[in-house]
Every structure is written in structure tokens, then in C-alpha cells.
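My questions will all concern the structure given below.
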Amino acid sequence: MESRLHKVWGENKGALNGWLSIPSTVTAEFMAMQDFDSLTVDLQHGLVDYQTALTLFQAVQGYGRTPLARVPWNEPGIIMKLLDAGALGIICPMINTAEDAKRFVGACLYHPDGYRSTGPTRAGLLHPNYFGEANRTIISMAMIETVQAVGNADAICSTPGLSGIYVGPSDLAVSMGKSPGMDPTDPEVIANIDKALAAAKKAGIKAGIHCLTPTYMRKMIEKGFDFTTLSSDVRLFISGVAGDVKTFRDLEAGQ
Amino acid sequence: MESRLHKVWGENKGALNGWLSIPSTVTAEFMAMQDFDSLTVDLQHGLVDYQTALTLFQAVQGYGRTPLARVPWNEPGIIMKLLDAGALGIICPMINTAEDAKRFVGACLYHPDGYRSTGPTRAGLLHPNYFGEANRTIISMAMIETVQAVGNADAICSTPGLSGIYVGPSDLAVSMGKSPGMDPTDPEVIANIDKALAAAKKAGIKAGIHCLTPTYMRKMIEKGFDFTTLSSDVRLFISGVAGDVKTFRDLEAGQ
Amino acid sequence: MESRLHKVWGENKGALNGWLSIPSTVTAEFMAMQDFDSLTVDLQHGLVDYQTALTLFQAVQGYGRTPLARVPWNEPGIIMKLLDAGALGIICPMINTAEDAKRFVGACLYHPDGYRSTGPTRAGLLHPNYFGEANRTIISMAMIETVQAVGNADAICSTPGLSGIYVGPSDLAVSMGKSPGMDPTDPEVIANIDKALAAAKKAGIKAGIHCLTPTYMRKMIEKGFDFTTLSSDVRLFISGVAGDVKTFRDLEAGQ
Amino acid sequence: MESRLHKVWGENKGALNGWLSIPSTVTAEFMAMQDFDSLTVDLQHGLVDYQTALTLFQAVQGYGRTPLARVPWNEPGIIMKLLDAGALGIICPMINTAEDAKRFVGACLYHPDGYRSTGPTRAGLLHPNYFGEANRTIISMAMIETVQAVGNADAICSTPGLSGIYVGPSDLAVSMGKSPGMDPTDPEVIANIDKALAAAKKAGIKAGIHCLTPTYMRKMIEKGFDFTTLSSDVRLFISGVAGDVKTFRDLEAGQ
Amino acid sequence: MESRLHKVWGENKGALNGWLSIPSTVTAEFMAMQDFDSLTVDLQHGLVDYQTALTLFQAVQGYGRTPLARVPWNEPGIIMKLLDAGALGIICPMINTAEDAKRFVGACLYHPDGYRSTGPTRAGLLHPNYFGEANRTIISMAMIETVQAVGNADAICSTPGLSGIYVGPSDLAVSMGKSPGMDPTDPEVIANIDKALAAAKKAGIKAGIHCLTPTYMRKMIEKGFDFTTLSSDVRLFISGVAGDVKTFRDLEAGQ
Amino acid sequence: MESRLHKVWGENKGALNGWLSIPSTVTAEFMAMQDFDSLTVDLQHGLVDYQTALTLFQAVQGYGRTPLARVPWNEPGIIMKLLDAGALGIICPMINTAEDAKRFVGACLYHPDGYRSTGPTRAGLLHPNYFGEANRTIISMAMIETVQAVGNADAICSTPGLSGIYVGPSDLAVSMGKSPGMDPTDPEVIANIDKALAAAKKAGIKAGIHCLTPTYMRKMIEKGFDFTTLSSDVRLFISGVAGDVKTFRDLEAGQ
């Protein structure tokens, strides 16, 4: 169960995470063919439900990217189902308090560390010693994406068993009364991101952040982030198509 | 994001809402071909899950009916997912207290009006200025369908940001110890419906009700309702088929 | 493998066949809940492919209606797949010559009557003595739906192993240079239908016809037809919905 | 709505329950062809979501096995959806307190016994007098699978309306600090199973248990259990395949 | 049924066609949001079957792009099914002789121009006067993609009812003993493309060609082509993702 | 593109082939977890269509078993689609003449060896030099399963480019007027199997055969077969379940 993400972190490198929002095994497999360290199936804002998520995990299985999932909300049912389906880690949105974090981490871990129910149907077939290794290797990342969460960052980060945080810069900005957006440059937003990062570092856990461009990802890694997400399959797809369509229309218009 | 429903309401007319309970893009598109003002995908009693709901929204997209969804329960995860998928409004069952209503409305609206997470994957592509307009245009309708809810109707209706109520006459009757059923004529049930309607009118919000027949819908609109649902795709389908099968068998029997 | 259709025919009655064009197990099961003698999954003009057809056969399995399928074209691959999936009979479009009929019937029957390949994966599990009974009970109905086919009707009907014909009145009319349409009243079209019926009767095989209304079906049965189809799930669904929507709009307009 | 399970229990026999974890109507129907008394669709550790569960209920409909479902977690939305889809009973995981049990049972029953919402879309079509019979016949089984639950077994078992308990031996063992596993022989685990069984018997409700082998099931029935599950479709499938593959490789190696 | 493609051609402009190879309504709808004139669902080399193609047609319906399909092979069953599903035109691969072309065109047109069977289930609902307009508006494009086809180009192009040709440059090159590839520059390949174009122009029918880049498309339009395809959803997706992944890795390596 | 099957054959060993008839990525992946050399998706008698076959290829991708497909019939469209989807070989039923074989092999190979169309959408992404290697590595196996085919075995086996034959003993027996069945012991059937094997050996191509049990497979390999299939996922699943259900019922009956 030591996956590529563990290896990247073992080498003190910042990971390149891909983001699966399209409910298609075909686009998921195409993503898996690229040189990502991990791939996260997004069940929150992605257009993906559990049954589809399962097929996405299957489609990316052969390519050696660590499979993760973001859940729609902090609910034990879906967290446990995704782990049973083969996710090696969970990103949970809107962890605003230490209590939220405890509930989340508990759903990811077996007794005595948590209250996860045993029965890892697919996961156990993929990893022969699953029960023995799960509590040590399953990755749990709490999303820090509100002013409240930043205020509680130290308490959240010190939750026993929590693997890391994952900053959602767009929601964070919105909670500050600003417009949503990725790769923020607003100093106040960045100040809050830095606070979250500092709390993670202080607690000795990993820090991740959702980004849009490779350049921004690089900056975040240099700042200390361990895990950076490249936009999403949706955005990458649309920007690719839109660019070429525009070129065609410009040529047609003689521009 | 001003949709047909807003237009109908702007003209002070009662809307004709269709009800999608069959998990099929084909029947959904056939419904969309008819002259409905809005179409509600029912994830509570309908045979529909999120992944299917997404495809239903896609199938009805081109026909100009306002897409709504009824969620299975008052849970933020599924409410937000359906809005991200393109629903322009949510009907939430079993809102019995002002606290229920507040939790529901909060899930529908972005900060500072609520706690909805940003990331409107499909909705944002359909509506270029989505974030700027969402809090003003997203429709939230709280179901009043128990004696308790009728008792709390004023408190529920005064929830900031709530767009309207939606009366479920069948559950309301059951909560009164009566048999379930649509288009009620029982004076006690009607009295409670009237109380709910009055509370909505007093609060200046919309009032909707689930009906079975066009005649009853007309009566409800004349009584002041702004939004009436015509039975469901399931009932309309079955009654159509059953009628012709019976005619065949009657003719066969020489009747 | 003696199914309800065999029983109805054993009683010299005309069968009531339902038509499944919607790719949904839900609408298929609702159809199966009605008092049809048989249900035909339409893979030609219906919106249904093999994989969906399989699930429709499963959904109607418990209700005792004889499961049939209409194939897209006279091709052995799909005919055999549908029989393996549990269809107890096949309706084949556009059988215009005795040679067409022979190719069709051969695909439905095992050696020495035909060239069907053994391996009835689902069918064999449903019917323990499948191989022994299949050639005797599988129903093959050749569509007579062109002027050419009517001309060749005697030759088609005398194809060894053919169970019956199935008249497609709409295509038949089109092949005569007339407009398409069900339940024809045009004397020339009816004359051709009568010729097809006569050929079937002469050959001692069954005769079926696609109809729209119970009244017309009754007339066809009284004329000698053994098998009549009631419109389709699509048409029944749409006409049901459209009727109530119109009533609502008429009431709204004060009509 | 009196189903096979009620009949078996009426004869004071222990039921043979099958377990559906594979999201396929095909394997579900194959299971239904076997001589099970009931079949449980597992939405917790099974690889199955609501939309698939619906199709599984349809696929097993014709075979007379009582359809049950295990939900992912004690949440009213999914419990009610599965009952509406035709499940005649619900198994709910991780019922650790009387309060958990009350919330669970309430979601299964209509007013005045619970708070289930009316609208049994498919269930009501299958069972004409559904509303009248549901509260009396719907089966609710609370999973006793932690030390805490065993401690609270009497309180849980005396929840009004609860039909029975269902022991999860693997999670129970884990909650005791032991390794997970079915068909336990550890005396301490067995002691807790016996306590749960005794509490059910004392309360006059049914007792069920998840097992692996027919031999162990027999022992449990002789001990007093009313309901025993045979492993799962996943395990039965894999062990069947693995056995023959091993035989091939052994023969190849000359063993 | 006069669609955007007819309008573009009426203005003597070269059309921008998009290519759908991914079996996902989500990516299809994202494509439809871009400024294409038409969208072709590829059932030959695309990863798409009939049942999925139907859902893709539904997903792109609202966006005003002319829906086309490429069939896997010159077979009447699938051609007719796709037209019934709403395709307004068919591209047919490997038309090497006038006889191939005649068989293809006949499947696209109703009597007396062809042998298409009536029953346009979805198409007829979308277009009220479907039967009356179909033969005049349905687009049929024969693929010229072998040396043999180029040799027979004049005969193919003079097939009554054929709307146009569609050059497949990659297969054409392969049939000449060269490597496959889009946007060819090899003078011998270009000479054959020019012959095909000339034959179409001589016969007064449309000419289309599959391209990779907007620049090449522009060149083809200037050369006289009426219809040019921009790569495919698969290629656009992968190149977009691969580019950003490479940038990340380059930045990581300090390049 | 040199896959495990090529390696096994390079070592002069007889391959262990698994058979996928269930339309589920879950059971397919479970099969792939076992020690098979190759896995064949059966689109003829299996309950599987193209769209599902694609997902099965994806689900088994990571496990190193050579992916093959059996097509429903000898038709170029589906053969090419399955190769584009990633099948590294095709088994084609009912090859009775050298002409059948030529048509089949031609569909598997690119010019100048055949007439396969280029555009290996998924296959080309999995195998970077696909076009260069395909004609040399794609496996084509012609089914010998009728008396006629055995009579033409030498002519079939000498088809240029054909990789091997695959004996269908059940259809072969049926074509001889005998009952269907696997692992035949009838001397006349075995004599025909031996003739087919001898023809393959004489032509220097591979010989495969469908079997039921490991013991029979071993015998076939010792006789000279290069490729043996272990029953099917359907049969293995059902026999596993049926056995345990019977044991339970026997124990219940006190046997």
C-alpha cells in the first residue's frame, strides 16, 4: 500500500496531482497515461458519483498513480465506501473545526484509531495485508477553505491521524468576501494560505493546495507545499478545444 | 440565469411544473418537449440518483424549462452537487423547523448568505456570471408536509434567502393520521394547506404544491399558489398504458 | 419454454403485444405490470441497443409476458445474441424475398433446421431443456412491409421453420408511394395487408400487425390476425403527458 | 407484502440470505436463480450505489426471494429511497445506541410509528396496499457490531418497531482489538455474539448474522439465529475462479 | 430540419466540424458549448456505440450544432438507427465503389430514393415534418480513403442522392503504402486528395476532409473543401493535459 | 505489443485463457486478479456489447493478461472497433470456408495484408508504435466449429496472416447431429477435433479450444493445443454459488 505519493514524499518532493471531474473511464484513463503522481476523483464539485468513481479507480489502476477521492461532504458513509473501492486517501471539504477533523479522520481509520467499518471489498483484493497496513498508510487531507478554518488551523492540524491539509483557495477567498478564483495573488488571501501552511508544517503533516497552472504549482512547492493539483480534466479539456476553435474562427475572419 | 420560471412569476402567473421520476434521458427529453415551465428531477421518491440526475439536466437543457431538483433529504452534499450540475433551484423535503430551513437555505447560497462551496462545474459553464448571480436567482423551496411544519410555517417562511415553500399534501395528510393521497378534498387537510399558503404570502415568498390533475392545479393557482406540479412522469406513463390495455381487454371480452 | 403467447395462440385468441422503445428498465417493468401477453423490445426503430435490451428482458422476467425482440436488420449476429439473452422470439424487418426469410429463420434455429450457434447463456439458465425445445418453440416473425414482400408473400410464408409474419403498415404504405402512418384506412394499403394475411393463413403460420389503437387491433383480430401490437411505450407516454399539459394550458387560457 | 422471509420465519426456520456486492444485474439474477430465501443488496461494503441497487431489485424481482438492502450509514435519505425502490427490509450498520436504533427505525416506518415520507414509487406498484401494510411488514435489522453495541443490546433490541438485529462478527472482533474475520471461533467474540443473540431473544425480535460457510450458518441457526448470510457474491465468485486456476497451474507444474 | 450546416453551406463557407470519440455526455456537451458548426459522433474509430451515441445527440441538442454520425461500416441497420436517433447526416467509411455508395445512400433515404425504414422515433419528435423533409435534407457523406476509391471517385460522386464525400487522409496514405497521419504534406497523397475534391466539385456535391490543425483546415477550405474536421475530442484532451504535465516536470527539473 | 500470450507461446507452453461473459468491470477485474495468461471478452454468447467490452478492457488493463475478444459474427465493423479499443486479438465464430477466413483476417490487418481502417484510438495510446507492429502481433483465431469447417480446415489454416484456429466443441457436436456440450468424450467429435488440430499444426499456426475443466485443458495441451479456455465467468460463478446453497439445504434437511 506504499504508493507513488508516499515515495514522492519520501524523497521530499512536491507531488503533481491530477483532478478527475468528468464521469468517464475513458478520460480518466487518458489522464492516468500522463505523468501524474496521484489522481483525485472529485465527488464534490466533479460530475461524479460513487458508482462512477468506482469505475474511474478501475480505469486508472494499471498506471501507478495514487488513487484519491474528494468526498462531497464530511459524511462517514461515502468516505468508507470510497476507501473500500480502492481510494488510498480522502480529501474532505469544509473542515472548519477540530471536531470536524476528528469526525473525518475517524471515518478513515479502523479501531482503535477511528470507527471505520471493516469490509474493504476491492481494496482488500488489491492489497493483501490491507487491514494491517490501512491505518498507517491511508491518507486523510482536511480542506482548509474558510476564514474559520484558518483560525482553527492549529487545532485541526493536531488531530491525531490526520495526514495533511488541502487548501481550497477559491472558497477561502469567498469566505473573505472576495471573488472566487484559483492561483490567487491577493495578499490577504495569500496570508491566510500561508497561515494554513505554517500550521501544517508546525504539526508535521503534509500540505496540499489546488492550483491552476504549473507555474503557480511550482511556486507553491517552493513555498513548502507537498501536494499540488493541476487544474482539472474539465478545465484542461475545454481550454484545449476553445483555443483551436478560436484559431479557426480567427483564420476564417482573416485575422 | 433568469429562467422561464422567473419570467412566469414576473407575469404573476402560476407555473406548470413537470416531475421527473424515471431514470431515463429519453423520457426526460420527451417531457421537455412539452410545454412545461419547469422540470423537477426528483431524487427523493423518484427512481433517480445524482449521476442520472446530471444526465437528465443535460437532456432537458435545450428546451428552456427551468431545471429544478428535489433532494432526498436536507443534506448539504447533495444539494450543492445538484446546483453545480445545473439545477437552478432545489426543493427540500421535510423542513419542519426554522432551523431545518436555515440549514437548507445555507447550502443553496454562497457566503455571506450561506455556506455553499464554490466550484459550479457545469452551472458555471452554462451561466458565465454564475457566482455573481447565483445568490439572487437560485430558487430554494422548503417542503411543508407535516403538522409540525404547518405549526412552524411562519418561522420557516421568514428564513432569510428562502424563495418559497412547496406543500406535500400526501405526507401532510399522513402526519395528520389520514391516508396518503394527492389533490385532497378533506377540509382538515385543506385547512393546513391554506395555513401554509397564508404564511408564504405573508412572508412575501412563493408557494408551490404537488398536484395530480390539471383541474386541481388550476384551483390551487386561483387560490394563490405560484407553482403547481402535474403528477409525475411515472403516473402519466402508467395511466396512459393501463387505459389502452383495459380498452383492448374490454373489447376482447365484448364489452 | 411454452410461454404465454403459445397459450393464447393455443386458445385461438389474438395476442396483445406491448412495444418497448425506451431504453429504461423502469418503463419496461411498468409495461410488464400491465396485462400484455407479450412484450417486444424494439432494436430497430426503438432507442435500444443489445446491452440495454438484455436489461429490459431481465426487468420484465418476473411478469410472465413472452419476451420478443425486433432486430435492426436481418443479421445473424444480433439475432443470436438476443435469443441467447432470453428473447423467445424474433421479429425481423424488411423480409422481402424467400431468400431473406431463409437467412432469418436459419439464424433462429439450431442445426439441422438452421445455423444458430449454441451457447444460450441466459436463456439456457432460464429454461433447463433449452437446446431440446428451442427449435420447436422459438418464434420467428418475418416483417412484410414492402410491395415486393407482398408480392413474395407466399414464398416467404412457406419458409420451413418460419412461425409467422408481422405486417408493418407504415413502411408498406411508403413503399406504395403513400404517406407513412399506422392503422391505415386506405383501401390499397388494406388490400396489401389482406394479401399478406391470406398468405400466412394459407401457409398455416401466424400473422401479426403493428397497430396504434385498441379498436383497430380488435378489427385486425376479427379479420384473422393472431398478434397485434399496441402502439409503443414512446407514443403512449407522450400522448399521456401532452394531453394533461394541454388541459392545463386550456384552463389557464380560460377555455 | 408477506414475503418468503416472513414465511420461513412463520415456520420457525432459519433463513438463507444471499449477499449482492457486485454492481451487475447479471450476477444478481444468477444469484436469484439459486434457492435463497432472501437477497440483500449491500450498499455499505458492496460495490453498489442506489441507481444500481434499483436495477438489482428489478433483476431479482421474478424469483421470489425477499429483497433487502444494507445501507451505507444510518441516514434517512438512502433508507427511504431503497424502501421506495422495493426493498422489503433494511439492514443498518453501526447501531451502537438506542438513539441510533430509534433514528433508524423511524426512517423505515410511516407516521405514527416513524417519520418515513410517503411516495413508494416502485414499491407501491408492486404491492397494491403498500401504505396499509408497510409498517407491519417492512423488516428493520440493526447491526450489532461493536463492543458498545453489545453493551447496549437490550436497549437497542427494545426499540419499538425494530424487527431484529444483525450481527457483524468481523467489525465486532475489530472493536475488541482483534483481527477482522468471518465465522469466528474466538471465545470472547462468541461470548459477545451470544449476548447480542440473547438480547434479541429476550426482546422477542429476530436475530441474524453474517457468515462465510454453510456449516457455520447451520451452527448459528441451531444456536437460535433466524437469519444467516452465505458469504457474498464477490467471495463466492473469486474462490470459484481461483480454485480452478490453481488446479490448472498445479497440473501444468506436474503436481 | 434546415440546420446550421445547411446555412453555412448556403453562405458558401467551409464548415467547422467537431469530432466526438469519447463516450461521455459531459465531454460532448462541453464540445457543444464551443463554436462548432456541426458535431460528428464517431462510431467507427471513436469509443462509442449506438446507445451512447443516442445520449450524445441528446447532450448536444440545445446548442444548435448539426448532429452527424460516422458509422462503423456500410451497414443499413446502424445507419438507420442513428438517423432515427436524431443524426441529420451520416459519414460512411470505406466507400470504394459506386455500388458501395448506392447501398449507403439507399439506407439514408426513404422510398422512392432509398430503402430506409420509417419510424424516426426521436428524429420525428424533433422535426414535425420529418418524413416530408428527410430525403431532401439528410446529409450523406461517402468516405474516400483508398486508392481504389480515388480511382472510382467520379462514379461514387455521381450516385443519386449522395450529399458529399469525406476524405480520410490517413487511410488514403496507408492504402498507398505510406504511413498513416493527418494533415499530409506528401505530394502523392495530396494529388489523390485533389482528385477526390475535383470529382466532388464536378458532380456538384460537397467535399469534406478530416484535419488536425486549424491552419490546415483553412488551407483545405481555401482549396475548395466545404467541411473540415478539427482533430477529435480525444486528441485535443490529451494534448492539453500532456502539455501542462510536461511544463510541471520541466519546472521541477529546473528547466 | 508483445504480450503475455506471445511469451507463453515463445516458451512452447499451452496458455490458460479466461472467458468474460458478464457485463461488469467488477467481475472482469476479479478475473484479471487471477493467474490467467489471457482474457477473452465474449461478444458472441457472452452478455456483452461493444460499449461494455471497452470498459472490460480498461478494467483488466493493469494486470498483464493479453486482452482478446470474440466477435458476434464475421463482420469487419465490430472486429475493427474491438482492436481499436485495445484487444490484441480476435476470435471469430463460424469460419467455415477459406473465403470466410480471408474476410476475417483482412479485417484484422492493415494494408497491404488486409483492409483494416487506421485510427486505433485507445490501442494506439497504449502501444506507441502500434501501426508498425500491429500486423505482426495482432492475433486472429478462426473458429472451427462445424463439420463443414473441419472439411475445409486445411484451406482455412493456410489463410495468409491467420494466427490460429479455435475449436468450439459444442457447436461442432451439434453440427454432427449430437447434443451440445463441453469437454467431449465422443470419439467422433474427438476425431474431428483432432483433424482441426492436425490442420493447424500442418500450417504452422496455433490451435486453441474451449474447455470446461482444468483436467480436460491439460489433456488438450498435452495433445498439442496452444491455447485452452477455462469455462467462463458465468459458469464458474454459478457453480460456486449453487454448491454452497446446496450444502446449506442439505445440512438443513439433516443430510
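Note that the chains are named A, B, C, D, E and F in the order they appear, and that numbering of residues resets to 1 at the start of each chain.
Going forward, a residue touches a chain if its C-beta (ideal position, glycine included) is under 8 Å from a C-beta of that chain, and two chains touch if they have at least 3 such contacts.
Chain-to-protein mapping (UniProt): A, B, C, D, E, F = 2,4-dihydroxyhept-2-ene-1,7-dioic acid aldolase.
Because the structure is predicted, anything quoted here is derived from the model rather than measured.
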In contact with subunit A and subunit C alike are the chains B, D, E, F
Matching chain pair for C-E (criterion: over half of the contact pairs shared, by residue number), options B-C, B-D or D-F: B-D
What chain is the most remote from subunit C, judged by the mean position of CA atoms in each chain? A
Consider the two chain pairs D-F and E-F; indicate the one with the greater count of contacting C-beta pairs. D-F
So what angle, to the nearest 5 degrees, turns subunit D so that its CA atoms land on those of subunit E? 180
Distance-wise, how many Å sit between the C-alpha centres of subunit C and subunit D, to the nearest whole number? 41
Cα-centroid distance, subunit C relative to subunit F, in whole angstrom: 34
Which subunit E residues reach two or more other chains? 23, 26, 30, 33, 47, 49, 51, 54, 75, 78, 122, 125, 234, 238
Arrangement of touching chains [line / ring / star / complete / other]: other
If we use the touch criterion from the header, which chain pairs count as touching? A-B, A-D, A-E, A-F, B-C, B-D, B-E, C-D, C-E, C-F, D-F, E-F
Provide the residue numbers of subunit D that touch subunit F in the complex, in ascending order. 13-14, 16, 18, 22-24, 26-27, 30-31, 33-36, 47, 213-215, 217-218, 221, 230-231, 233-234, 236-242, 244-245, 247-249, 251-252
Mind pulling up the subunit A residues that touch subunit B in the complex? 21, 23, 43-49, 51-52, 71-73, 75, 78, 93-94, 145, 168, 170-171, 174-175, 177, 179-180, 234, 238
Enumerate the contact residues on subunit A facing subunit D in the complex. 49-51, 54, 75-78, 80-81, 84-85, 110-112, 115, 117-122, 125, 131
Subunit F residues within the subunit A interface of the complex: 25-26, 29-30, 33, 54-55, 58-59, 61-63, 122, 125
